Amino acid sequence: MPVKFGSDNAPGTIGEHLVRCGVSRRHFLEFCASLVVTAPFGLALTRKARAADVAREIAKARRPSVIWLNFQDCTGCTETLLRTSTPDLAELILNLISLDYHETVMAAAGHDAERALQAAMSENAGKYVLVVEGAIPRKDKGIYLKIAGRPGIEILQDVGAQAAAIIAIGSCASWGGIPSADPNPTDAVGVDSIIKDGKPVVNIPGCPANPYNLLATVLQYAVAGTLPELDALKRPKFAYDRFIHDHCPRRPHFDAGEFARSFGDEGHRKGWCLYHLGCKGPVTHAPCSTRHFNEMIDCWPIGIGAPCYGCTEQTVAFRVPMFQTVQIHQATPPDTYAPIFTPEGHVSAVAAGVAGLIGGALIGGGYVASRKLGSGTSSGDDTKPEPDAGKE
Amino acid sequence: MTAYAQPAAVQGAIFTRPVRALTALAVIGIGLVVWRFVVGLGQSTALNDGYPWGLWIAFDVVTGTSLACGGYALVLLVYVMNRGQYHPLVRAATVTSAFGYSIAGFSVVIDIGRPWLAWKLPLFWHWNLRSVLLEVALCILTYTIVLWIELAPAFLERAQASTIPWIRQLAKTWLPVLRRMLVWVAALGVLLPTMHQSGLGTLLLLSGPRLHPLWNTIMLPLLFLTSCIAMGFGVVVLESALSSRLLGRRPEMEMLAGLGAVIRPVLHLYLGVRLVDLIVRKQINQLFAFDSYSVMSLIEFALFFGALALLREERQRRDPRTLFRAAMLMLLGGALYRFDVFLIAFQPGPQWTYFPSVTEILVSTGLVAAEVVGYIVLIMRFPILAGAPAAAPAS
Amino acid sequence: MGISRRAALKAMAAATAGTVATAVGTPKAKAAVVAAPPDAVGMLYDSTKCIGCKSCMVACNEANDLPPDTALSGGLWQMPLDLNERTKNIIKLYQDPNDGSHAFVKRQCMHCLDPACASACLLGAMKKREHGIITYDPDLCIGCRYCQMACPFNVPKFEWSKVMPKMVKCELCNHRIAKGKIPACCEVCPTGAVIFGEYTDLLAEAHRRIDKHPDRYVPKVYGETEVGGTQVLYLAHTDFAKLGLPTYGSDPVPTAVREVFQEIYQGIVPPIALYALLAAVMIRSRRQLTGEGEEEKP
């Protein structure tokens, strides 16, 4: 009997599509659980929700149309989206969204591909989500990247004009990434340097970015038509509001002063903190420390013993040398404890001096006073009559 | 029994150079007291949670009141033991006592943290009758009043010679009344110090487990009482000798030598109780352990035994220098004993250190200076000292 | 009055000597096992369960409206080094220098059964009130700090930094207990290292734990007998002295003072009697002095 994913499997909904494609409910729920883990807060879809709730919401939503453009990229972000740890998940992902144009995975090529793009645009005008991967060169009117004879800038502006929202996936699309590294010969920039007409742009930096951030954003949009709360750099707060350092599994080693000093040394083998190997965790906003890649534990740089190089941050990645340590700006909460006995109080040298002075004066004065008293009547001591010398 | 002269005000300039210097010290001290109230105890003192009682308690209050026991000791001697020959010393000693206790009371007010609630002290329904400090506080308060009442005749006598008629009348009416009831007041003036001087010793019994065994004994009240009586006599000797200098006369060695003899049994009692107590409590080994505690105790004993040695013979007691030095040794010993109990024997733990701050030291010094200046003003304005006016002005 | 002075003096001397002898000679009144009040509550702290998370410190400051002590961290993190005027409860760490093992210890007011602070306090600001909790009433406090001199655990702290200072110490969250809640530290403790309950129940539980796991605990409940017993009890794997819990006998701290007060003062009667005696003797002296022709001049 047909499996239901939601209260109704109305045509056009994600739920209906999943049923038609024979996706198991269990896989779908597992996926929704991953979404909850990705964004436990900061995203309306998953906030305080159980996987079943998320599943129900998603199943009701219409399958969002996604047009995916690639510019100066390595296709790593696509890879990370589709290189799931099991093949079924990739299928699931492709069934959740309607990937209407994606150069890497679509069947068409050449002119057919162009026609597919135009068709996708016109069928879903104003409703599709544009995902951009890769930086866009601006130098010399953008001639350094041309697809079908058109400069990337033009394509982006064209496709972007009719998009409901634009998501820049990966550091390249977010701020320029590797192509923008010094000397940036092509003047490679991110999407929001090109699209300035007020269209909502969401940056999801990373090299590659975590695909679940993308999926959470897209599905949120599909379910509620809204985008997650963004920070000043247009990055979703649910993923980029904290430093890696603040959630790093190796933080206790940092706090305890246990560092790997060179690759392969004892500390490195024991999984100690990589700060002294140049880890940029303390200055990098990213969620990698708690959401690893490919649905596998420790499948992320620090997890395998490679120091983070700050791939999400424009000011860090490809600028600050790999093994250069960074300054820690935010003080670490101390892991020190009060000792059993804490010394307190001290002897002030000045006070001791003053006390000595006064004490000495009193005793000395007393002695002098005693001398001036004169001896008794019967004693044979020298008894010079003392002149009046005033009160001591 | 020599006939003694009437008490009379000492003639001469009050603000001699030494007195001006003392006044300056007193002014500095008072200024620092004001500062203490402005900034609080934390900033003005070196007191801490390990040593909440410091110089102001150990010296100003505890040692200060024992140094002000001259009046008590003399009244005990003259009116209870009926040795009338020491009578001339009483009034001057009472002045010192009155000032001493007043300064001590003032020191309490500046040392406690919430003095604005001190008015609640007489509210008997709040009294914690198990509290030693309550007994000490009430007794000291009452005794200070008693001392000034005991001095009142001196003021009224001066008032009798006043140019203002109603003051003269006041003095004429009240002086005889006062003289008649004085014995009842004086009896209080013996009871109260007995209670609170021993009480001061009892105070530290409550620190029991944290009091060093060389000083922690149930005999603390008795030891404080006996040492304060001895110190009272010592102060009288000192003060009388110095006052005689002021008047340009030889000290009254008849009386003072007699006092020297009286001190001896008191010191014997104190030292006897102290030593027997140490033996009974098996702490004699501790006394000769030669750590810092043992050394302090030994210095105490040395000072007292030294005083005793200087008082052994009649010849020594008649020599003003020797007597004066014996008195000083004894006062130092008594003061050291109190410092030791309150600051050295009290062991909050090795992590705590305390040494008085400069402010504390200067306030204590200033208050003592104020006391001395006050004493001088009083004896030069009112009939306190027995003796002829100075022939030559004291410079 | 008819009493010869000599006789009077002899009587006084004898009385003093007798009192002193009694005080020295009498075997100390057996330190009575101090009875806990019937509704006594307390805390049981098990050092072996404590993970040093310090939630109790945070909760304590919040429940008591006390700003945390952030002095050492320049205003950032709560890190006091000891109980102080902003810290009523603290977790301290003991590290064994020999084998590197460690243990945590929670310090706060012990709520003694026969408290030294309550014996010391002039006007009863520190007093053992409902449930045996020692509470502090600032309206009766003159700031004399005698309670600090008296407390064998050095618990009450003084607000040195303030111009209008008070004493600060744990009051077992009596304001919360009055509303049917439990002390904040016990409420937030994630491992149940510190628990709240009736004193008798806690004592029984402490012994039960020792019996059940003799290898886990030092075979002693700290606070059961120390200074007459305290309502806060401790269990630990480490020597209590190493954790900073001082070694004390079972005599309550006010015992010595009580002996002095009871044996020597015995209430108000001896002082009044002594006064009467003194007045009698002094009146007689005055008569004799007057009789010798000296005008009475006190």
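Labels A, B and C are assigned to the chains in the order they are written; within every chain, residues are numbered from 1.
In this text, a residue touches a chain if its C-beta (ideal position, glycine included) is under 8 Å from a C-beta of that chain, and two chains touch if they have at least 3 such contacts.
These numbers were taken from a predicted model, which means no experiment stands behind them.
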**Message:** Based on mean C-alpha positions, I'd like to know which chain lies farthest from subunit C.
**Reply:** A
**Request:** Would you mind checking which pair of chains has the most C-beta pairs in contact?
**Result:** B-C
**Request:** Report the most central chain, judged by the distance from each chain's C-alpha mean to the global C-alpha mean.
**Result:** C
**Asked** So what's the Cα centroid distance for subunit A and subunit B, whole Å?
**Response** 73
**Message:** Using mean CA coordinates as chain centres, what's the gap between subunit A and subunit C in Å?
**Reply:** 52
**Request:** Starting from the mean Cα coordinates of subunit B and subunit C, work out the distance between those two points in Å.
**Result:** 31
**Asked** Got the subunit A residues that touch at least 2 other chains?
**Response** 341-342, 344
**Request:** Could you list which residues of subunit C touch at least two other chains?
**Result:** 82
**Prompt:** Residues of subunit B that touch two or more other chains: which are they?
**Reply:** 48-50, 349
**Request:** Under the touch definition given earlier, write down the residues of subunit A that touch subunit C in their complex.
**Result:** 331, 333-334, 336-342, 344
**Prompt:** Which subunit B residues qualify as touching subunit A in the complex?
**Reply:** 16-19, 46, 48-51, 241-242, 245-246, 248, 250-251, 253, 315, 318-322, 324-325, 328, 332, 349-358, 360-362, 365, 376, 392, 394-395
**Request:** Name, in rising order, each residue of subunit A that touches subunit B in their complex.
**Result:** 341-348, 350-352, 354-355, 358, 363, 366-367, 369-379, 381, 388-392
**Request:** Going by the contact rule at the top, pick out the subunit C residues touching subunit B in the complex.
**Result:** 5, 9, 20, 23-24, 82-84, 116, 118-124, 127, 138-146, 148-150, 152, 154, 157-166, 227, 246, 248-249, 251, 253-261, 264, 271, 274-275, 278-279, 281-283, 285-286, 288-289, 292, 294, 296-298
**Request:** Can you check the complex and tell me which residues of subunit C touch subunit A?
**Result:** 52, 73, 76-77, 79-82, 90-94, 104-105, 242-244
